[in-house]
Every structure is written in C-alpha cells, then in structure tokens.
Amino acid sequence: MSKPRVAIFDFACCEGCQLQIVNLEEEIIDLIGVVDVVEWREAMSEQSHEYDIAIIEGSITRPEDEHRLQIIRSRAKVLIALGACAAIGGVNKMKNNFDFNEVKRCVYGKDAEMPHLATTTTRAVHEVVPVDFTIPGCPINGEEFARVVRELLLGKTPTIPDYPVCVECKAKENVCRYEYGEICLGPIIRAGCGAPCPTAGWRCFGCRGFVDNPNVDAAKEVMEKYKLTVDDLKQKMVLFNSK
Amino acid sequence: MCECCTQEKKDIYLPELATITKRRMLNGTELYMHLQLDSGLEMEYTPGQFVEVSLAGIGEAPISISSTPTQKGLELVIRNVGTLTRAIHKLDVGAKLGIRGPYGSTYPVEQAKGKDLVFVCGGIGLVPQRSFIRYVLDNRADYGKVTVLLGTKCYDMRLFREEIAMWMERKDMCVMETIDEAHDCWDGNVGVVTTLIPKIENELPNSLVMVCGPPVMYKFVLMSLAEADVPQGNIFVNLERRMKCGVGKCGHCQINQHYVCQDGPVFRYSDLADVPEAI
Amino acid sequence: MSKNININVHHLTRVEGHGNIVVNITDGTIEKCQWQVPEAPRFFEAMVRGRRYDDIQTIVSRICGICSISHSLVATRAVEDALKLEVTEQTDLVRHLLHYSEQLQSHVLHVGYLVAPDLFGEKSVVPLVPKAPDAVKTIIKAHRVANQMSALLGGRITHPVTLTPGGMTRVPSTEELKALKKELEAIVPDLVTICQVVLSVAGGLPNFTRDTEYVSLWQTHPRHKGTLSDYTFYHGDIISTDSKGTVVPISKWESVANEYVSPQSTAKWTKWHRDSYAAGALARFNNQAEKLSPLGKKVAEMFGLKKGCCNPYFNSVAQLAECAHVVEASLEIIDKLLTKGTKFEKVKVTPRAGRGHAGIEAPRGILFHSYEFDKNGNCVWGNCCIPTNQNHANIQLDFDKLVPKYMDEGEDALRQKMEMLVRSYDPCISCSTHYLDIEFVR
Amino acid sequence: MSVNTVSKDQFKQFVAALIASEPSVVGVQAKGDRFVFDDLKSADALRLDYDVSILSPRKYVMPQKETLLKFEVGGDCQSVQDGKPLILLGVHPYDMAAINQMDELFSQDEYDTHYMCRRRQITIIACDVVSPSKNVFASSMGTATVQHGYDMLLTDVGESIIVEVRTDKGRVLMNHMPAARPASEDDLAKRSAVWEKNQHVLNKHVLECKPSYLPKLLEKNYDHPVWEEKARLCYSCGSCNQVCPTCYCFDVQDVVNWDMKTGSRVRVWDGCLLENFATVAGDHNFRKNRSSRFRHRLYRKGKYVPGKIGGQIACVGCGRCITACTADIANPVNVYNQLMERTDIG
C-alpha cells in the first residue's frame, strides 16, 4: 500500500488546530510513518499539487480564498474540514452579526476602505465546497484527529459523536455548572472533546457546534428553571454558532 | 488474569476464524459468500439464527445465516450499507472473517412439520428465509405445501435469481415474485409484496406464515394477513435491531421486554402483538 | 555574480500565518524589497463589542492559536483593569506558571521544529527524524512536558479555559504541582541537550547586525522583585533600549506602539524612538539579561549571546536562554505555591463601566490589549496590538540592510537568509489584526 | 461470618495498612464539595461519611472503557482480561445492591468472562450510610441496607465502627486489623439501630407504592401522557444513564494502533437516552422520539430488567439521576407516582 498523500491548508483562523497536530508529540512520528505529508505550510517548506487527502483549516472570508479552496477541492480525493472555523465558521462568524462596513471602520478607522480589507460573509468550508469529513472543535481534539486519520486509512467511515458534551462531562465526574447557577452549552453541543471546559470549571461555550437535533426549546425553558435568562443563553450560543 | 473464568468458560466475545471459500455479487449491493470455519468443524445451527461477523479492526455485525444445516459451511449475504459491510465487500476468496454464534431463536422447524408454509420475503428478507426454505426442500416429505412470495424494490436488486428460477420449475412448491417498479426486462407482477397476498388467500388461514423484510414492510404485510384471517400465532416475523453483542448484554436490540438477539430474531407474532415497539 | 534577482516567496512556510517576501533586483539595482502580510482580516476588535466581560478572553484567545495563553491572560487582565478587580497571590502565581508553560512550548516549537531545519539545511523537521532521531525525540519530549503543563494549568493546551476575570476556575492540587515539579526538573538536562545540538549547527546563523531599538516589559510589580520572575513576561510597564531607563506605564501603550502607515511598504508599522523597533526574546534579553536565571545565563554564554546583541538571527538563541529561565522560574513558583498549598477561590464580579489596559510578553514579544465596558459589563470598545505587527517594520528595515549585503551570494542564498530572518522573529501573522495594502509581484 | 468492633483510630490504621500492602485500594474521597471513588493515597483522604458519589462504583466493576480482545487487523483475535485485584472501600448499600444485580445479569445465560473476572478480583468493603444525600430514596426501594454481595461491611455507630466479615476475602483483610475485638451485644444493638433508622431516613422522595408493584404499574401506562410531558424537556444527554449504578448498556468499538496492523476491541458505556442508540442501517431509528427513549429507561428500571432478575427493581434509589438531570425530569419516583395518580391499584 503506498502511503496516502496528505496536504494541510489554512484559511482565516488562528492555526491552533494545526498546532494540535504538532501537539500529538511522539505520535506525529507514527503519523508520518503512515501518511506522506506533502504540503503543510506551517511546518515544512515543501509544496505540492498532488494529494489524496486535503485538510482545510479556517473559514472562508474573502473571494480569493473561495477560489483557492475550489482548486484544492478539485485536486483532493478526500477533503476534511478541520476545526471550528472550517466546520462551522468558528468565532469568525460573529462578524456576520454586524454590518461589514461598520466592522471595518471599527477596526481600521480611516483606512477601512483599502481594497484588501474587502471581506464577505464568513462561511464554513462546507458552505463553499463539498466536505467529506468534519473534525469539529476550537481547537480540535488531537486524539480525535488521530483516530479519524487512522480510520480513514483503514477505509472506515470516521464517526464524530452525535450526543451532547454532558455525556463526557458526566463521565469525568464533574459537578454540573448549572448546579452552581451558571450557563453551560453542554446539553446541546456535540461531544468528542472530552469536556475539558466544564472539567476545568468553565462552561462549555459550544466550540464543536450543535448536535444534529439540539433541544433548544428545552434549553430555553431550563434557563428559566435556573433563573437565568434566554438572553444569557443566546449570548453564549453566538460565540461559536453564529449564522 | 482470572483463571476461575477462563479455564471453564469461553469468552463470549471471541470470534473464531473462518475462510471465504466462494463469493459472488448477487446484485449491485448484495454480496453472497460461502465460509468454512478454520477449525474444520461445522457450525450447529437451525434456520433463523444469525452469527456475529467481524473483521478485526473494522468492526462486528449480526448477519443472518442463509444456508441450511443440511449443507456444508455457512452462506451469508451481506448488503453494503456501512463501514464493516463495505470492507467485507472488498474481501476475496481466501480472506478470513471472524465468526461468533450461532445466536438467537429459530424458525419453528419441528413444529412446522406436516404444515403448509408460506414465506413472505421483502428484499434482503429472503436471506434468512432462504435458510428455512432450503431446509424444507431438503426435507421435503416432512412438510406440507410450500409457497414463497418474493417482493423486491426493483428488477436489478433481485437476489438468487438462478435459484429462484429453479424453485419456480419445481412442482412441489409455488413461488410468486413481484417488483415494486416496472422494468423493461420484467413481464411478471408489478407492485409491493402485499399485492401477492390476495392470490393465496385461501391457503393462508391454515398455513404458518414466515415474514421477513425491511422495517416498513411488516406493518402492511401483517395488516393483509390479518385481513386474510391468519391467526397471529401462525405468523413468524424475523426482526432486525441494532446489536453490539449478540448475547443479551449490550441492550441495543431491546424491544420493550424482548431482546432480539435472545428472544428473536424470529418471533411468533402473537408474542409481539402487544409489544408496542416491535413492528 | 547574478545581476538579476527575482525572489517571490508566496506564503512563507514554517511561520504562523501568511507572509510574502518580494525582491526584484535588476542589473544590480534593488527595485523592490518587501515584507508583506496578506493574512485574511478577522476583525476581532469589532467582534468583542456587545459581548459580556467574561466572554472576552474566550473570543480573543482565537486571535492566535500559538499564543492563545498570552492573549487570554492579557485580555483577562485588561478586563480586570477595567472592572477594577484585584486577584489573589495564588491566582497571580498560577497564571505565571500557565504563562511560563506557553513560553516553553512556543520557544521549543519554534527553535526545534521551525528554525532547526534551516540550520540542518532541511526543509522541515520530517527529514530530521531519521537524521537526528535522538535530538528530535528530546525536542518532542520537552514540548510535551510544556504542553502537559499548559493543559494542567489552562484546562487544555490551546485556548485555555481556566481564566476568568477575577481569578481561576480551577487551580492545580498540591499533588499535581508536585508531579509537575518532577517533570520540569527532569527536562532540564534535555534542554541542555537541545542547546548543545543547536550550538553544533549555530554556525549557520548569519553574522548580520543592525543597530535596533528593542522594546519589552520591565518588572514594576513589587511581589516579583528579587525573584526569577523579575525577568518579566507578565507584569510591568514598557521600556526600550532607547528609553534610557524611562518606564512608560501600560495604560499609555498606544504612545509607544505608534501605529502608522509607511509610504514605501505595505504593513501597518509601529515606531517609538526610531523608524521601527523589535519585540521578542532578544528584546527582553537586551533589556533585562542580568535578571536571567543561572541556567538561562549559562545558555546565553554558551552561544556568546551578550546584552546589546543586534543580530536578529540571535532571537532564537535568546529563546533558548529563556527556555532554561522559565523552567527555573516555574520551579521557584511551584515551591512557593507548595509551601502554602493551593485551594479553590471563588470569585465574585460586579460589573461596572470603565476602560482597562494590560500588557504581557507573548513568546514573540510585547502584546497589548485594552477594553471598555458599559455599566452592565458589556464591551463597547476593544483594541489589541500584537507583537508581530510591532516587528513588521523592523523586518523591513532589516531587509533593507540585508539585501545589499548578501545580494552577491546569489538568489538562493539570499532567499534562504531572508526566510531565516523572518522566521527568527517567530512571527505569528495569524495574530495580526491590523495590516494594510498587499501587492503581488509575479 | 464474624462481627467485630474497632475504634476509629484503629480503623484508620487498618486503612493505612491496606494502602501500604494491597496492590490497589479505591475509596470514597472529596472532589470539591462532592465525592468520588478514586485511588486512595492516604487513610486521611477516605470519607466514609460521604452522602453519595458522583459516579457509582460501577466504574470499577464495568469500566467506562474496557478491552475485550486484542487483534491483528483483518486477522485473529485473543481474549484480554484486564481486571486486576482491587479493594473497593466505602460502597453504600444501594450501590451494593446494584452491583449484585449486575453480577446476576452478566453471569446469567451467556456468562460474560470479562465482567466476571474483573468482579471476582474486586474485594468490596461496603459501608452503611451516615449522611443521606439530598435525593436518595433507597428506603423506598428496599436498598437502604444490604445483606449480601460484600466481603466486609462497615457500620459507623458513633465512637466505633462495626466490621462484619462476610467472605474469605474479607477474613484475609482482617489480618490488617489486629486490634479488632468481637462485637458486643451492645455494639450489635447499635448497629441494628443504624439499620432501623436508615430504612426510613434514606427517603427524600417517597415512592407511593411497593417497588414490587412497578412492573404492573408500567404495564398499564405505556401511553400515559407523562412520557411526553417530561420528555419534552429531555436533552437526550444520557446524563441519567451515565450516573446510574444499574445502567450497563454498552457499545463495542475497534481501535487500531498507529502501526495500522494491531488493535483492540473495546467496550464503552452507552446510554439508551442517546438519540442514536437504536438506529440501524438505512438510518431507521426504532426509538426516534425523545419520549420513547425517556420511557424506555423507566421501563427498563421498573419492568424489563426486573423480568430478567427475578423481579428486583433495577432502580436502587440512589437519586443520582435526579441530581444529574439538568432538565430536572429524570426523577423516577416523580414519574412512577404520577402514573399512580391515574391508575387504580388492582
């Protein structure tokens, strides 16, 4: 079996997801033992136009990025959206809640009209080209990434959990944030991360996106039970799950 | 390591190896294969039972036995629907699979002796039924009339065509076939399998009726059978559920109080009629 | 000698984010020599508006995955400044540890994975695996320990989740701190090994200097005077090699990082006393070398790095010295925490209107955040100034001197030196929130 | 069986001796303001006065992730029994009752060597409840005290601890308790008083019927509106499954190592409340509605599992699901009582 050729590309993002690949530490040696990494700008100088698997990090925010993504898609047999930005648009999508001209003025003042600052609606990768697999999270969970890669190489269809974060949070024996009167998005957000945030005493802020069928109505009613407001809930949902 | 258990009891999750001795695609998605256990032994099973088939590293799934215990080896038919089944489809003759079993309940092979039998098969539902049909044909004198109703979604999906053609030739059984969607090469019945039921209306009340097919089929077939006054105790259904162990532990296949892997997959319909989640 | 050189490095590799190098030399005349940044703008300062004070660090952490801990810490502190929140000594110390873990992971990553291949004449760390397996494994091990430290203190490696305005949502137990101490003590010899490996190929660092202004934090917090944390990454005000001892308070950072538009280049630049300044490990070293830990000093000596060094390539050496330093400084803090034991401290925050500022040393240099909140604690304004932006102008000025000096060595050698120069600044361009026009030369 | 008395100090020495000499000791200890079972590092950390642990000791008899087999990809498999000798210290009676049920379930019909090997290597030191938790209702379920399953049972009677030794495994451990003296009449009377009391006080929610009536009650109420009413708020988060000492449904997964040649087949906890628990090929979900999944759990506790284990109700009244359910709908007593309201007891 010849090793599959893998290329990693980044768009608008913080590159934290690529970092999680580096953070596989010793396992990265195993990884390069089973795949041929032919392009990975952040870690190596080689570049290539021939690859079987393209891994896309980041969301699409400019017309030129859309074009570049389409070229990558046309070359890749399998395209993986890596991380929240690629999977659901990530924090970048919060921009879509504002008027773009106003956004630009806010950040760039009088220089806002410079042509390169052109920005369009932030989109997730699947909103631009077809995506074969999605590894969510901000950042991704390295273990999950490693598992998905191995499953792909074996010809399995990698699965990402479709149950809420609470499953993993409970498994870690955390006391639920709601018991402290705090909001947590865990009940409606897709698991797979291992619930690091509630485990560290912080709320789940939804970086992996909603489960397929979130019970948002329940979430609203439950807020009232805990004397929290639906507005509080929406505030938190907007961080990673803006439209 | 705990010796108390491992010495006297075998590991219920440990498959034994079997070799693929024949394989052939029955249509675009269904693969037939013949397996021989590497131990050289023959598996002792009864029509209706299933085995857990696994490909180490990919996964495990329950698969009905399609052969009869009157023949050598095991015959399985596997539909390409997901990870494991896709991987199995790629295997060639000589490749190994893991097998555990047989598990589950059986068709009423003894009870049915001397009785008239009707088999209602929808699509891949023919696969487990074939085990019993062939068993009956191999012990033809023990059973009464045999009627097989076959329904398939479309012409190209039909299974075991040569074998069915041979059945059709036989004088000692009646086979009727229909396909859901008309096709140029097909001059037989068109319509869902329930459309065949009125044609044998007279025989039905005195027959044992075996039903197997996709989840949606049961409701309609059972309604037609009720209209034809078939007692619920004479109907046997073969159900599919998600399964992770095959031995009554994992909880996935449970329908109300029944475990499909232990109490099923073959149920007498009268035992299920009051079980809301069954059909 | 070639008279025509045409370098067009589109999306420089082995740096965080996208940067281009463009050089046009025709008949020996430099027509163009530019450092450009075409990173997609992400508008963080706009996105924080309307968000509650306790969501700010979660959002701005995403400015950069590589320095997410610094961004989270500085944002949390700027929010605390605005809301007038004091934190306990335990919080202060635990946050220091968290911050040190980032310095260590980032520096090891930069020197080990991104710079070392240049020195070994390779295009990435991958070929080094068979070539120098022990060295690579040692680097990986140090990186892993640093990351485990981040995960313990920050809840996860990247984008920490234990920071909240006013305190920490989780503090490590004494058991966990003891285990961490053991790990850190164990990697000290590994760090020395890494230094020796780099030293063996350090001849590959170009001998290039340019008189430069270096800007960094200067410790002004009484708690850390006389400790190893006096070499500051976390607290303090602003100093530069040109400021002759004058310390500018953090709240006035905008008067230091005078952002301006340069007519001859593309990125938005910063300047203080001169046309450009540098931030980063070398800047910190040049301002406070005498405060380094014993092992940190030893590492600097190994490489002949001395205060006043103006060779930008030596930023990587300063990073190595800082690796040794932060391990020793972390051990000092762990001991301090262990003497009292740690306990969870509940925080209570009452929102109020106000504006706050904070500065911190990210691994790649000084970083500023400011926010303003309304009386309900919702953000109405934010401003961030990222170290890489502060270095863009300096990279350009280095180029201006470097290209004439090395253009006779030919295109490949020149390109290599320019790429290495940019890499030595350890830029994480994905950080960049402000930049201007881009132009591609084909 | 022998019953002994030790002072609290002597008991502490006993725990210290266990930690020093036994391969692995797990005990209840504080985690923030709650309690968990975890590796016990010092006798001081043990908290036998705990109310309830966040997860039940099920995580030791049936771990969240457990290797069943090792294999070569596409090839042969070997059994793995990865259980190790372990002392489980501080198991409450209701949790003991749950473990007794699991023992029965995993040994009946098809004998599960993986569960049973692990279980046989575990020595259980149970302890009677000192501080009832805020949601416990073991009194209602008849599990406030327990008569069997443990190797040793501790009862705190104030100034001293009564130690009942039940099995050979327990007897061996008595070597670490040289100071124990046979319990006096007076000690036994005090212990009976604790039992007497616990039969009544572990009852923060009161089931309004005998537990043995539940199967019948459920049989009559499959289409009761309560299922829909409650399940409307269900997140399908399975928290109720995760924390329950009697839930044991599992998933089986193949995990392949980086060499891509070897791997292991593992079983991991699953939960019937999770949306795709009953989904089969073709995306057909046999329990698609939240209400059908919600109902399934309460039927399983009150009817289906009892059918397998001689009528014992598979809810031991620990109250964990009540605390764990964010939507506050999982309380079995609430549901069963609501069914009672509209059903005449025949």
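The first chain written gets the first letter, and so on, giving A, B, C and D; residue counts start at 1 in each chain.
The rule we apply is simple: contacts are C-beta pairs under 8 Å (C-beta built on N, C-alpha and C of every residue); 3 or more make two chains touch, one makes a residue touch a chain.
Computed from a predicted model, the values in this text were never measured in an experiment.
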Shared interface partners, meaning chains that touch chain B and chain D: A
Furthest chain, CA centroid comparison against chain D: C
Mean-CA-position distance for chain D and chain A (Å): 37
Separation of chain B from chain C, taking each centre as the mean of its C-alpha atoms, in whole Å: 65
Between chain A and chain C, centroid-to-centroid distance (C-alpha), Å: 25
Mean-CA-position distance for chain B and chain A (Å): 43
For chain D, residues contacting two or more additional chains: 32, 73, 256
Residues of chain A whose C-beta touches two or more other chains: 154
Inter-chain touch pairs (all): A-B, A-C, A-D, B-D
For the chain A and chain B complex, residues of the former touching the latter: 154-157
Complex contacts: residues of chain A adjacent to chain C: 10-20, 22-23, 25-26, 28-29, 32, 37, 40-47, 58, 61-62, 65, 90-92, 94-95, 98, 102-104, 106-108, 111, 114-117, 119, 138-139, 196-197, 199-202, 205, 235-236, 239
Residues of chain D touching chain B in the complex: 68-69, 71-79, 81, 83, 105-106, 109-114, 116-118, 120-121, 222, 248-254, 256, 263, 265, 267, 270, 272, 277-282, 284, 286-287, 292, 296, 299-300, 303-304, 307
Chain A-facing residues of chain D, complex: 31-34, 36, 54-55, 64, 73, 232-239, 242-243, 255-256, 258-260, 269, 271, 274-276, 290, 323-324, 326-328
Of chain A, residues touching chain D in the complex: 27, 30-31, 33-34, 146-147, 150-151, 153-154, 162-164, 166-167, 170-171, 173-176, 178-179, 186-188, 211-213, 215, 217-219, 221-222, 225
